[in-house]
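Please go over the structures that come below.
Here come two complexes built around chain A, the first alongside chain B, the second alongside chain C.
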Partner chain A sequence: MSVAIPRREPSFLSKTWSLARKDIRIELRSRDTLPPMLAFSLVVVLLMAFSLPSGTIAVLPRSVPVGTVPSNDVLAGFLWVTVLFAGLVAFARTFENEREAAAMDPLLLVPLDRSGLFLAKALANLVYILTVQVFIVPTFLLLFQVKVGEGWPALILVIFLADLGFVAVGTLFAALAAQTTSRELMLPILALPMLVPVFIAAVELCSDLFAGQGFGQIAERGWFGILVGFDAIFAIVAAITFEFAIDP
Partner chain B sequence: MQGRPLSTSPKLKALGMAAWAACAVAVVLALFVAREASADQGGPLQRIFYFHVPSAWVGYLCFAIVFIASIAYLRTGARRWDLLAHGAAEVGVVFVTLVLLTGPIWARPVWGTWWQWDARLTSAVVMWLTYLGYLFLRALAADPRTVGRLAAIVGIVGFINVPIVHFSVYWWRTLHPSGPTPANLADGSGLGGTELLAFFVSLGAFTLLGAWLLAWRVHAGQLADRVEELELAAELGPGPAVAVTPEPGMGT
Partner chain C sequence: MIELSAIRVVYGRTWALRDMSLLIRPGVTGIFGQNGAGKSTLLRVCAGLLRPTAGTVTIDGRVLNMKDEDQRRLLSYAGHETGLYNHLTVVENLELFARLYGESEERAHEVLKRIGLSDRGNDIVGNLSAGLKRRAAVARAVLHEPKVLLLDEPYANLDDEAADLLNAIVSEWSGGDRYCLIATHGAKRVKSFADAGIILKGGTVVSYRIRESAEV
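Moving on to the complex of A and B:
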């Protein structure tokens, strides 16, 4: 019997994608991250609603009297607090599959650069957070009667760019937090201060979009520069330092 | 004892004496020699500036040391870089804590509020939280053999983030001016010759103090390593044979 030997080694990206697909497939079968993540974010949204004074929920900024806080600012903050919390709860489980199955060593034996391993884990996390956002963002906009109108492509772009930085930092620190005695606490403690720039930029941009501004107006404000810069810097730094976080 | 003496080295002692002497001079200059600031700067309270700013300087310096030592540790794996990074993070957190405590004491009467969400204050508190996280990571790491590498990553990533945080918070506040914009501490405090002298002596004194604390911390870390080594040696060594065999004259 002849054994088929592949003529070429699979490329970096295809190996990375197989690893990410493995995590996503496990999740699709076990469903132990996404559904709880979604339920968790709904609960957070619910609590946020209780913290708004009655009457402010439906008020759009243009009709807000001078001196009051426009609700779009507060709501944009709520949305991103929800996303960050739900995301960090999920990211804390980044290496859970390997831990439960004692499969960390086999994972490290995969003939792939450590940066590829990082990319795979980050990709899976990105898929999780995007999936949750597909449900939670429209729900959020609906519940708080926010109208983005023409701004929806810009909103998707902002969310995606913010997610990239979030996932880069979250995945790297998840690897660190997984090696402490209280990883659910360590991940937010480490990641949240680091995510301050992403949070501010995302909130500022979403706040403008909630106030009915279009892409042209928000693009001038430079927050996109912060998001893109943060994404680029931390994607590179995380990919480089990741090997020190997981090598035994 | 073999190897390094376990008592303080003369260099460390000299550094300590220099630091405390400089601090004494700085206190005299700042509290008695420097002219009192105008009432709108807080009058006598403005003197806190001579301790507040040098503390911030030492804090930032320490975090820069964490950054450099972390890179060096990841590259070389030499234990001394890890000890240096750990010590610098601790000393840095202590000094930034001082900054965050002395600032509000001055701000309350001058700005009329303990706290302002101003770029400098906000980025200082974010930085403080970052390095607090660094220390927590070190304290809660499951495996003491890998903790240095994990911490080094936070030391590097955290430091790279400091300017980005500062920049984004600055933008955030300049775009949304709300309430009085506080003048920063150095502005308009009218530093004359003696005031500048007091300031720079204090800066030097705090730097020496920080260096002394850091040297102590590294020294303490080395001692802790040594204790661990000796304990390990005692466990692995002939052990029972030595411990059980009674010395001559005992038990008679």
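Moving on to the complex of A and C:
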């Protein structure tokens, strides 16, 4: 059983990428996560489209009469509620592949820092959420006739930053919830309170973008700093604390 | 030596292991006992996959610590389940673990051939029979040539030919200072080549015999 080829220790990133690629490959083959996420998101966006009067157009907050809610705020909220619940579908399935045949056991013995396991899972989840957003964001903007104008790059940046924080928290709590018998119930209970800051920031920033503001204006707002700060803190905290969630 | 010092595992009110102390020498050690005797629990504790309620496991003088990546590399465990991804092929599973352990992909194919699964390498694991899954699980376990190999019921669903093949692989692998612990009901299959045998009952060791030829 011996082999002549010498062992060469792969890098942390190489092992992490192998694990993330494995999850994506399994998803492409099994289609257990993305189709439900997409179906859920599209149905919610369609239902929301019917709940607002046709021709609703985002307007600047200052032009809204006292006592009413600007439609750009409502639309930004709609978008992120859809992403939030679609993301929870993905997070709930984060460790399903490992659970199916106790594949977590050999994975826990692999000589890779636990943060690598976290990064791999978070990366796969990020891919799933971005994939869903590629479909639902344009659909959403079309259905609600939101004109972002030149704010496209800023919108993509805000979505990406919000996704990073979302995925960091979601993956960590998915690992915690996976240890319990009622994981589908536990995941939202654990994760939602922690996700409040990132979603408020995302809604506020998207609302401004839907109202026609550009990157220069939103970057000056405190919410942008909160979003970046949340991402940095939770990415680090989640990577460090992940081992306590999965270690025996 | 693998040294277990006063290992206690308690699940709620059930004692799975009762302050068990053992000194396991290199070679193949069979662990026998009825259902609920504590065989699987013992293996999981030795693999670091179950934290004991009390006690320590020491491998070659170093206390087992799951944070230590070098120590994790020494261990390999194949439990009741395959530990393989059902939606990947056998080859994809082995290549994944080969990459994680820094082994070549050729090594994955070599192990596959040795365990008699070359012609089933491109089959999806979830579609394999229970016996073939078990063989694939053992292939994954020996892939990185661990120092401590822990096999829980490896003969389940194996026909005689596959069981003999597994024994040949374990015998071949277990030379030098390596350890192999095999938990099984079927003592017959292990007795023929094991260097030691431990019988458990109710979470305690009732018998520990070392083959004379294996004694130092």
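The criterion applied here is as follows: the second predicted complex is superposed on the first by the 223 of 248 C-alpha atoms of A that agree within 3 Å, B and C clash if a C-alpha of one lies under 4 Å from a C-alpha of the other, contacts with A are read in each partner's own complex, and residues count from 1 in each chain.
As a convention for this text, a residue touches a chain if its C-beta (ideal position, glycine included) is under 8 Å from a C-beta of that chain, and two chains touch if they have at least 3 such contacts.
All figures in this text were calculated on a predicted structure; none of them were measured in a lab.
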**Message:** If we overlay the two complexes on their shared chain A, which of chain B and chain C does A:37 touch? Say first, second, both or neither.
**Reply:** neither
**Message:** Contacts for A:101 in the overlay, against chain B (first) and chain C (second): which applies, first, second, both or neither?
**Reply:** second
**Request:** Check whether A:222 is in contact with chain B, with chain C, with both or with neither, and answer first, second, both or neither.
**Result:** first
**Asked** So, A:132: does it touch chain B (first), chain C (second), both, or neither?
**Response** neither
**Touching partner for A:186 - first (chain B), second (chain C), both, neither** = first
**Request:** Determine, under the contact definition given at the top, whether A:110 touches first (chain B), second (chain C), both, or neither.
**Result:** second
**Asked** For A:29, is the partner it touches chain B (first), chain C (second), both, or none of the two (neither)?
**Response** second
**Message:** Quick check on the superposed pair: does A:194 touch chain B, chain C, both, or neither? Answer first, second, both or neither.
**Reply:** first
**Complete:** Shared chain A footprint, chain B vs chain C, residue numbers 247-248
**Message:** Under the stated contact criterion, what part of chain C meets chain A in this complex?
**Reply:** 47-51, 66-67, 69-70, 72-73, 75-77, 79-88, 92, 96-97, 99-104, 106-107, 110-111, 114, 125, 140-142, 145, 169, 172-173
**Request:** Sort out for me which residues of chain A touch chain C in the complex.
**Result:** 1-3, 5, 7-10, 14-15, 18-19, 22, 25-26, 29-30, 97, 100-103, 105-106, 108-113, 243, 247-248
**Prompt:** Which of the residues in chain A end up touching chain B in this complex?
**Reply:** 169, 172-173, 176-177, 179-182, 186, 189-190, 192-194, 196-197, 200-201, 204, 221-223, 226, 229-230, 233-234, 237-238, 241, 244-245, 247-248
**Message:** Applying the document's contact rule, which stretches of chain B touch chain A when the two form their complex?
**Reply:** 74, 126-127, 129-130, 132-133, 136-137, 140-143, 146, 149-150, 152-154, 156-158, 160-161, 164-165, 167-169, 171-172, 175
